[in-house]
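A short write-up of the structure that comes next.
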Amino acid sequence: MNAKPEKFIIDGLRLDGRRPDELRPLKISAGVLKRADGSCYLELGANKVMAAVYGPRQVHPRHMQDATKAIVRYRYNMASFSVGDRKRPGPDRRSIEISKVCRDAFQPVVIKERHPRLAIDVFVEVLQAGAGTRTAGINAASVALADAGIAMKSLVASCAVGKVDDTLVLDLMKEEDNYGQADMPIAVIPTTGEITLLQMDGHLTRDEFGTGFKMAMEGCQKIHEAQKEALAKCYQMKDDGGEQVGE
Amino acid sequence: MGSNNIIAEIQRDHMYNLLMRGERVDGRAFDEYRPISIETGVIARAEGSAHVKIGESQVVVGVKIQIGTPFSDTPDKGVIITNAELIPMASPSFESGPPKDYAIELARLVDRGIRESKALDLDRLCIEEGEKVWMVFIDIHALDYDGNLVDAASLGALAALLTATIPNKKYEVSDEDVQLTVREMPIAVTAIEFEGEIMVDPCLHEEAVASSRITVISNQDGSICGIQKIGTDSLTEDQVNRAVDMAINKAREIRERFFINI
Amino acid sequence: MNAKPEKFIIDGLRLDGRRPDELRPLKISAGVLKRADGSCYLELGANKVMAAVYGPRQVHPRHMQDATKAIVRYRYNMASFSVGDRKRPGPDRRSIEISKVCRDAFQPVVIKERHPRLAIDVFVEVLQAGAGTRTAGINAASVALADAGIAMKSLVASCAVGKVDDTLVLDLMKEEDNYGQADMPIAVIPTTGEITLLQMDGHLTRDEFGTGFKMAMEGCQKIHEAQKEALAKCYQMKDDGGEQVGE
Amino acid sequence: MGSNNIIAEIQRDHMYNLLMRGERVDGRAFDEYRPISIETGVIARAEGSAHVKIGESQVVVGVKIQIGTPFSDTPDKGVIITNAELIPMASPSFESGPPKDYAIELARLVDRGIRESKALDLDRLCIEEGEKVWMVFIDIHALDYDGNLVDAASLGALAALLTATIPNKKYEVSDEDVQLTVREMPIAVTAIEFEGEIMVDPCLHEEAVASSRITVISNQDGSICGIQKIGTDSLTEDQVNRAVDMAINKAREIRERFFINI
Amino acid sequence: MNAKPEKFIIDGLRLDGRRPDELRPLKISAGVLKRADGSCYLELGANKVMAAVYGPRQVHPRHMQDATKAIVRYRYNMASFSVGDRKRPGPDRRSIEISKVCRDAFQPVVIKERHPRLAIDVFVEVLQAGAGTRTAGINAASVALADAGIAMKSLVASCAVGKVDDTLVLDLMKEEDNYGQADMPIAVIPTTGEITLLQMDGHLTRDEFGTGFKMAMEGCQKIHEAQKEALAKCYQMKDDGGEQVGE
Amino acid sequence: MGSNNIIAEIQRDHMYNLLMRGERVDGRAFDEYRPISIETGVIARAEGSAHVKIGESQVVVGVKIQIGTPFSDTPDKGVIITNAELIPMASPSFESGPPKDYAIELARLVDRGIRESKALDLDRLCIEEGEKVWMVFIDIHALDYDGNLVDAASLGALAALLTATIPNKKYEVSDEDVQLTVREMPIAVTAIEFEGEIMVDPCLHEEAVASSRITVISNQDGSICGIQKIGTDSLTEDQVNRAVDMAINKAREIRERFFINI
């Protein structure tokens, strides 16, 4: 792990040359897996994440079923090799919490009433971690859900805002995440501005919170555009005679 | 938790009607807590402890301070480990093992409040770099779950830490036990959103009806060290802002009432 | 942990000033939890235990049901902070064995035939441990069962006898437990003298066993009086218009 | 175990009638054991071992003696670790994982007999204070469960210890392996109570019928080092006393028959 | 553990005096347990294994049932004391893999169609391990299945071939297993020569593979004779009025 | 796996007929692989990595090289630890936890190929005898399971190792990171037997229909370092021999095509 940088912002630019309100390079591909009903591979800065969706499908054991609507399940997992020091395989406390808040980030948009007793399963695998894996995962999961044809009111877009050198910055990179003053990931329904995930740790004044929140919101809007583009491209490929992946 | 809770299901309709008239189930104002009691020093075998009641919700928090080895990437810092046990005693819905992710979220939220507010000076908890540091275990034991465990657990953790002692003698570090230094007083305030209204300190019935709540942890100067939205519904930006403002105010009140003389 | 005392009994009195056949101070409060159907908080010397009872209630998974009668389940658990060195949360081999023998200590008194297929769940949490936690837990559980309105032939009372300095002593305190020569916890049905729990370890001659057994029996009778008082006080408070806890 | 046991259920009525006439299922006297056989040294790779049969019940006990670090609160003492595996081979009722609490109780009961009788001198098992001590693992492997596993396991543990060797050479502690010193011969005797009568060494069918049994572990001088009441029924003081007396007598017989020349 | 021998074969004989194509001493006893439906105790060289069979019997949980045929389950387990350094009780990765391949070694011979929804459970306990425990276990399990009266097309016999000092040797002993150049256990249906288990690790040329395979086959034939003898002896004892074990 | 697989069940009949006419589902020859692609260096945080596709089957293998303590019985050797995660993403049949024994068999098979071929020189991975050795973790992450995971995982492990770096600088062992030395190129080739025919690289549908397959891992000189028969049906000696010959040939082809210039 790199040591703490002396300064995070020099001449208005961040360590990787970005402006404070700029996202890292983003690449999204939908429909990349055969077996899953929907899938998405996403790179955001150094992050590489794969999302897959199965469902609506049957739920075992039966007592987990909801007789009135589908249940949404979400598994966020980091590959052992995704981080500097090898991670023990399997869920840990951090990934269990992240899975929970990410699951809830999709509850307001998935139209669950159509599929009582069934489950919609979202799997997010972090293949390479580079700060902001939960937001990257949500963005990929959102596209994978659409690719799977799951009925949703809207996509969900997610982005974090943070603070370094007392400056609010969008979409933290690794050093900013490790040594910064605050980190606040949010997920929103871009069309309405409603918030479906909100976490924060570190230190923010009341004013910084308000300003940072709006920055993160704008970040989500940009991500939403990229998500829509990726889906359009995927459907176009399918129309052009590619294999009907995930349909 | 709501859908697992039989009592909640039965009373849902009744509560809905009440809330529609702007009333809370137990007659409180929207920004009003249930009675809070905090008793410290309840567990003599723990280095710090507190028994907290918010309404009928009851939590015991014990702080154990022991010597251990530091993490390899922070050889010069003490360690905080926070754990929550949602024992089946506390609720009929915790019968067959409580919801694991809920207990983990609770513990991690309390942990973030202590850690991110820098309430403990981890550098001062180092005894010998790379070899020996103080491990501060914060164990949350929920006895009776009548809603808003997060705030009860957070208050308990803070109160237990504020009254905790570093057991220098037991571990032969020095001849005198000293009080643990606590530099900040982070207070968690949880509110639900229901039909656009924000109400602090939800009781169990209110938690069951509202599908979203938000916890804001704030410091003495009114700055924020932790936020978590919990639950399946969305919130608007305006609702979030109102919850944040209310939380900062209530935290200040609670801090002044309970912690100014601890 | 304190070192072994040189002598346990000086001038006929024990380290805490008790006579050999004297119990530690005992405090019992019934009906102290809202959610549980019955509850009891008990202090015995340095022990602080909470007992809660739920039931009769449904059993999952179904194959654990008994078609002819209710099943009794018992969970004895020590809080991590209840002992000198922090205990890892969750059951260990010791607590599993204690849970088993304590469960069986109540089997003869609970009238199970009334509730086929259902469970009566007893939870005992040791908040502070000070020697004799299993007997303290049984005494609290007994009151909690009554507070929950579970039909029982009788309360169960429990007490240990031990040996220090070759002298039999009632209701061991911590030093006597750690460094003594024997420990024999029993549980009885006070009205009939029947034994529902009996364990012993250490060293007792045949005669000491007989004498010690009678001492423990008498200890149980005293505890039984305190249990009845606590229940009477609790019911009186309810009659006086307090909240109907546990009914 | 009874209620899980299909054979037992079927034969319950028949057995009840028999016992009412003062007879045991297999014609034994109330204080009579089934045939006991003890073979030691059966597992060459273990430092000590024994194969015990009581009637059709079969147990193999292996003792492994290895070097480890002492517990921090007893830096100058060796360590005994006793474990019992109720493998599914031994009984149809152990199919889907044997009853965990039953295996733990069995192991802890055998352990208490060895430990509380002071059969092993833990001080002598210390090699280097705080650093290196002998760890004595007593592993109980039940092969065939036809009742009264406790006594079979206890006999097996004692026989295996009495014939065990400390592997000084393997661990380069000294040039010579020596026999493990065993200072006491605790013998467990288990009896059931049925309709007021006390009968030792219950076979599986008797265990299924009687809802309570009691194990008494006694020493060479007739003193007692362990007792455990097992099961769902109560016992009277008189019954307990009779069981204790019978156990002390039977233990003496077994000790003289099997262990005097070991 | 012994150190690596300088030579494994001296004057054409192995460390224990065997010729390269010779089995270790073999002893098989059927019908040795009361509770199991079938059982077998087997010693092969230093190996001591016990096999027990239960079934056909009911399967829990129900979703594990196969509606068209019986399922075969196989548990290979090493006792903690069976090896030089005490083994932690319970399954490890090695024993899980061995259980899988041994289970599959019996799938082709057990006539499963007769017992839909039921299970045939095979338990193999290694009491003393001395190289070749999986093959010893299969040989014992085969006899235990027959003793239990499970309908089978044939017994299964199993044997390993290996390589030491560039020479192929049958039925490896401990030193040959630890320090040898290859190990190849197989299981066969002796009457048809069909292979039901085949594993190999180490280093074999293509030719050595072919030759070794035939050696192992012949070893299996010899073992098959011993299995049949043991069963005949067991049935004879039963006919002679012994207890009807396992029937 | 077959019987758990809904798609496979539906198409079984269709496939059976096809195969009866000597055809494979996707038109391949019996000894023909689906398209193979191998991309290395895909995970920057791993010391070595590879993304392998065989047809639609996708596997990522990451190799992490860290410092650890050697096993006590091999104090002068590095350590290889191979693990496979059959994550539920990869197949609908892995939903409720993938079949544990299948994942373990996969990992152990890949491990044996690397270990038994002596591809890694464990002696050279020792830094300080008894104290510090390099631990080579080979983690197999299956992303899309369309049959023949074994070969994909084996190829991925080899490719990741061939491009792996020993992180001397990070662990302050020396000033320069060096490439991991790989001395052998073991290639696993898996074939199914169906109606007497041997066909390599089964796709998912073929795996579902054939009840037995065999994996043969061979070295550069055509010698064999690992074999495993998988599945519930038997094989004849002739079938085994044909599979072995085919595997050695295909391994040579694959080795020459992908690894000669790596």
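The letters A, B, C, D, E and F name the chains in turn, as written, and every chain counts its residues from 1.
Note that a residue touches a chain if its C-beta (ideal position, glycine included) is under 8 Å from a C-beta of that chain, and two chains touch if they have at least 3 such contacts.
From a predicted model like this one, the values you see are computed outputs, not experimental measurements.
Shared contact partners of subunit D and subunit F comprise E. The chain pair from D-E, B-C or E-F that repeats the A-B interface, sharing more than half of its contact pairs by residue number, is E-F. Greatest Cα centroid separation from subunit A: this falls to D.
Averaged C-alpha coordinates put the centre of subunit C at 27 Å from the centre of subunit D. Per-chain Cα centroids separate subunit A from subunit F by 31 Å. Multi-chain contact residues of subunit D (touching two or more other chains): none found. Residue positions 60 of subunit C each touch two or more of the other chains.
Taken as a contact graph, the chains are arranged in a single closed ring, with each chain touching exactly two others. Remark: subunit D residues 42-46, 49, 56, 58, 60, 62-64, 66, 83, 85, 87-92, 95-96, 137, 139, 141, 143-146 touch subunit E in the complex. Those residues of subunit A that touch subunit B in the complex are listed here as 1, 66, 93-94, 96-97, 99-101, 104, 107-108, 184, 189, 193-206, 209-210, 213, 217.
Those residues of subunit F that touch subunit E in the shared complex are 3, 73, 100-102, 104-105, 107-108, 112, 115-117, 214, 219, 222-237, 240-241, 244-245, 248.
If you check the complex, the residues on subunit A that touch subunit F are 33-36, 46, 48, 50, 52, 54, 57, 60, 75, 77, 79-86, 89, 121, 123, 125, 127-129.
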